Amino acid sequence: MSALLQTRNLTRRYSGLVAVDSVDMEVHEGEIHALIGPNGAGKTTLFNLISGLTAPSEGSITLAGREVAALPAERRAALGLARTFQNIRVFSAMTVLENVLTGLQPRRRCGLAATLLRTPMFRREERTLVARALVALETVGLAARADEPAGGLSYGDQRRVEIARAIAPEPALLLLDEPAAGMNPAETEALGRLVRRIRDGGTTVLLVEHDMGFVMDISDAVTVLSFGKCICQGTPVEVRSSPEVMEAYLGQKVAARLAQRFAGAQAGRASA
Amino acid sequence: MDLSWLDDFLWTYQNVIHSVGINGLLALSMYVVLAVGQLSLGQAAFMGLGAYSAALMTLKLGWPFWMVLPLSCVVPILFALAIGLPTLRLSGVYLAIATVGLGEVLKALYVNIDYVGGALGLTGIPEATETWMIYGLLALAVLAFWLVARSGIGRAMEAIREDETAARVMGVSCFRYQLGALVVSAMLAGIAGALEAHSTSLISPGEFGFEPEVSILSFALLGGIGTPIGPVVGAFILTLLPELLRGMADLRLVFNGVIIVVAVLFMPEGLVALRLRRRSA
Amino acid sequence: MLAQQLVNGVLLGATYALFALGFTLMFGVLKVINLTYGFYFTAGAFAALFFTRYVVASVWLALPVAAIAAGIIAMACDGLLLTRLRRRGAPELSSLMVTVGAVLALNSAAAALFSPDIRRLPVGLVSVESFNFWGVRVTTAQFLVLGASIVLVGALIWLLRGTRVGVAIRAVAENPEAAGLMGINTGRTAALVSFVSGALAGAGGMLIGLNFNAIHPYMGEEMMLRGFVVVIVGGLGDIRGALIAGLMLGVVEVLTAGYIDSGMKEAVSFAILVLVLWTRPSGLFGAPKLRRA
Amino acid sequence: MSSTESLLSVAGLEVAYGRTAAVQGIDLVVGEGQVVSLIGANGAGKTTTLRALSGMMRPRAGRIVFAGADIAGLPAHRVAALGMRHVPEGRQIFAELTVDENLAMGAWLESDGAEIARRREQVLERFPRLRERLTQAAGTLSGGEQQMLALGRALMGAPRLLLLDEPSMGLAPLFVEEIFGIIEGLKREGVTILLVEQNASAALEVADTAYVLEGGRIALSGPALKVAHDPAVMAAYLGG
Amino acid sequence: ADTIPVGSIEVLTGPVSPYGIAIRDGETLALEEINAAGGVLGGKKIALTVEDSAANKDQAINAARKLIGRDKVVAIIGPTLSAEYFALAPMTNQRKVPVIGTSITSIGATDIGPFCFRTSLPEADVIPAALRKAMARGAKTIALLYANDDLFSKSSYDQMKVAAETAGLKIIDIETFATKDTDFSAQLTKVKGLKPDAIGIAALVEPTAGVLLQARQLGFGAETQFLGGNGANSPRLGEIAGAAADGIMVGSPWFIAKDTPQNKAFIAAFNRKYGKNPDQFAAQAYDTMHLLARAIDKAGAADPLKIRDALMQVKQDGVMGPLSFNAKRDPASAEGVLVLEMHAGKFSIAP
């Protein structure tokens, strides 16, 4: 497995605060990689650095072997990067379908001339894009609400719109910032299945999440951030048993519950 | 059948008819920048550049109108590129004021340069604008905007309007769209300027400052910017209103203002509060 | 001569700053480009005019009269025109549009009512003698303008930064819904802001009318463009910024007119405006948007 | 149901956005000193219910009696004056104000400076992270920090009834525990709480009573323990 | 028809409206006198329609087209501003309807065509008189200030400059401002440093007053002579500037205390009707209306072509003095130009 995303010495400072502190991280192609850490650890900032919304103070970011730290966000999207936002940012006046179609911008080929002339190619492209968008909506369970303005959806549903919008172009790397926030355990489980399916479809996933059950369940690798620094990196099992992680992040109770749950993983699943 | 009354009617209202159409074009040139979420107030300045460059081509170079008209958008476009590059990173009112600045600087230049007539401006511009030219261009522009709005480009524009950051993450190059919109805006305004110059035989610096800019903005806002039809409707109404209210003497402008207030209070999205549906399936 | 020119610039700049104070407050807090602001300025000047002519010819009484009259008008306009839109969550641009219509109606009504002729406050309201400091001349009216802008800047900064009411004003400005949840009466806060900025406009109208000896229905309208520049360069809602930007604009205009070419003063000041924005896209002291991705 | 007096009682509440009805006639009682939990799927109408209670939205029909007064249709600031505090969805902190100013706004209705200082100290005690960030603009806080601020700001109002809309959202596990600890602490202090949570198991653990909302209607209600053991609830909200 | 339709286009709304309103008042007064005295063409009344142009080029054109196309007027008085005149005159000329400007001073205005007239004296005829007076009082150097964004002021300045050069005055500084400016301190401070004997101000009355007020604040005293252009020749100058205007001299074809019977009657009638004194613009419009009535009578028919020809021939001795058109359709004589000086807010003939 080669590294699809690699950061070296990635650093972002704000006046008097190092939000991301020389992070070296590798996300391999085809894996589900989780980024966890206490509140304010710098996870979202790291996402902003990777997706190009914040400029790094130092360090490099390579995507599929290409240095992207200097590229603007839209160019990175064209290279196959997609993301969702922790603080939801749907286009609220646009319909749900239009939101997802906007996510498909990197897949659009027709230019101004074709648009004005309504060439057959343009028509064909519009049809395929709509079809793809509907598939994405189907995937998150929102197909029935395609024509409603996105701003009129509930919080959890808007989060689904964001996910659909991000997965529609079948990106090479998908960044999900707390996708399960605002979803109940049953919905979270469904989300887990969805993320796996996305991965199986060929998209590498990097996600931030505080729901440990969810993270431990689905991820192939975990990176732990604390005060901007990477304090631990490894498989879920390794991370779970790291005392530092336990102290900085999980707390006794959660760690115990996790241990219990995964120790009896087989048994638990059978009984359910 | 005696149609001479029609001739009379058309003669009497010729300038009104021209103004309505030209203002329609200006309203569209405002619409296109508003459509990418920018409050750029350089349209009157672009119009001035179009009007001056066209009038100079006609008066000083003696070029025929069919050449002048398409060329009238060249200077405005060059200016749009020149000011767009540094100012587009500004947002909202900051951009608005920076672009108003362009208009004020140009006005000072026109006033101070004798070659372009100083405070008087350029006079004796031959009448060459025909009604069909104005309305033909207007129809073409509306159609083009309509087609664009109902396409991926239109979606990208609306996304920029709603949330630039999110749009960029979707791969939309805000800068390219916004610069493009500014160039199209300059092109339309420039052509409108050329049509105006060759319709009224005089252009002077005062016509392209802050006040006309505010009127152009009101065309677009009163009509509503959900569709390209809205701004044109707004321009039609606000251009005709002063003529219709001619009888009211002193209170004409008061009434004009009250009508705008009432219209907006009851239809804050504009008179044409439609939203395009882009779903083709 | 340079000394006199610099003083001229500062004094002119003080008028710009004085005009811009209420504007930046209204603009920055209520988040609407309120074009009727110029009308409050005019209204204050006219209130002072009538008061000094028909009641008592005293600056110190006329000043509060002008301020209160303009403040009440501003509050009424805001309540009548903008509150409805605000409550409905209408787009910002439609609020702007309402003020476009309103200012047209108000100014033309004022012109129809009072005639567009220029008037002046009674001669002798303040001493017309100018003081001579080593050859630099300053009049009483100019001192008043300068003094008023500095005092009002101080008072406003104290109000906004140093009092709970000020914090509440900023809270309402940013998120009226959440402010309501805190128990803040948002309608009353908006009315308060309108009153204060209207009152500032009114006081400014009287003092500037006194200074330039010119009171007429379009006087506010004519200050608006400069007012915009000052508010934008200073940063929206930034009181200290408005003062500094106002003074800067005045000095730049005067120096351009005095030493380069009086015909180029607008061009030069706008060129500087663009430069300032180019290096500081949110105004002199404005921090970039604080919301995060 | 417990025999305590009801602090809030809702009857026949209907709320709509334009023509779409989001809440379609719900009855709900919150007893003084109780923690009542409201659970339901995305879009069930939980947030809408809270918004109507705190005056952020005007209900289309129904009665809301809080502390003896009918508050249906009152504006938010009047409801707040009666002692209700709502920590809204999406946090809604004042991004451009500092953390300290945000807290000060939470105590807007209190005029006694000493009392405000006391509450502030209490809040900072609870959320030491906020003390570190007192002068930072709230908009630059991390998601979790903002959540703490939103809660702290509401506590500055010394509420009689606290409406919490997904308070644990976006919080690290350590902190989720802490939030529920805080909720329990508040309950002990006698604060009445109406809690909307996706973390249903934890919510049902602290709650006395629970309501399950489905499509804008109450599908099930009763003592929290009983609701938690309802098989349908277990399947739908507690995860396998 | 038993009425003869005549149109007028003036700025009746907006900041420039004081000028348009003065003109409307003057022509309306004349119209009432004409109709009361039995009208024209043996008993027909003149029906005057005054349209507002709001100082806007397009509205001025619209008004002219409406007057000609719908109201079928035989002649138009106005418009108020030169820019409006340049915009509508090509069209009215093509349509062969005479247009008579009463306040148009720009060079070349009447060259647009044979139907373009004006009764306002180009300033070339009034300014030299004032300059000569200043030189007689010892002025050798002069600084010129003008509003460069306003046509009326600009042409006034152009004439002033030429006149000063021909008269042998040394121009030591030229400063500009905008008509709407209220602050002139920078320009005046600079001028003050150059110590000119005289200062010529070419601007409308409002900015002229502003310049004078500020000049006094900056310490300009009686040692500096102030000269005004046509724009300064208004009773409003004294009203706005008060004592600051003392000593300013203007050349004028007309002045309120001019001692002719016509003028006295005009002033009295104007005061009766409007309760205030007329200014130069009202006087000019008053004379123009009378002249037009004369031309209609002379033409013998309500026919624009004949009226045009008649206009070329009529002569009148009005409140402004003798008035007729030369071959270029400009006023033929500059007789009666006086130099006025302001004292205590009122103009009187300069000693």
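To keep things simple, chains are lettered A, B, C, D and E as they appear, and every chain counts its residues starting from 1.
Just so it is clear, a residue touches a chain if its C-beta (ideal position, glycine included) is under 8 Å from a C-beta of that chain, and two chains touch if they have at least 3 such contacts.
Nothing here was measured: the structure is a model prediction, and the numbers come from that model.
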Separation of subunit D from subunit A in steps, with touching chains one step apart
1
Given the two chain pairs C-D and A-B, which is bridged by the higher number of C-beta pairs in contact?
A-B
Using only Cα atoms to place each chain's centre, name the chain farthest from subunit B.
D
I'd like the Å distance between the centres of subunit B and subunit E, where a centre is the mean of that chain's Cα atoms.
35
Per the C-alpha centroid definition, the whole-Å distance linking subunit A and subunit E comes out as 75
Could you check subunit E for residues that touch two or more other chains and list them?
13-14, 148
Residue numbers in subunit B touching 2 or more other chains?
107, 111-112, 165, 250, 252-253
Multi-chain contact sites of subunit A, meaning residues that touch two or more partners:
44, 53, 85, 87, 89
Which of the residues in subunit D come into contact with subunit A in the complex?
17, 20, 39, 41-44, 47, 89-90, 129, 140-145, 147-148, 166, 169-177, 198-201, 235-240
Residue numbers of subunit C touching subunit B in their complex, please.
33, 35, 81, 84-85, 88, 90-91, 93-94, 96-98, 100-109, 112, 225, 228-229, 232, 236, 263-264, 266-267, 270-271, 273-274, 277-278, 281-283, 293
Please output the residues of subunit C touching subunit D within their complex, sorted ascending.
164, 167-168, 170-171, 174-175, 177-186, 287, 290-292
Of all residues in subunit D, those that touch subunit C in their complex
54-56, 75-77, 80-81, 85-86, 88, 92-97, 101, 104-106, 108-109, 137, 139-140, 153, 157
Within the complex, subunit A is touched by subunit B residues 144, 147-148, 151-153, 155-156, 158-159, 162-163, 165-174, 275, 278-281
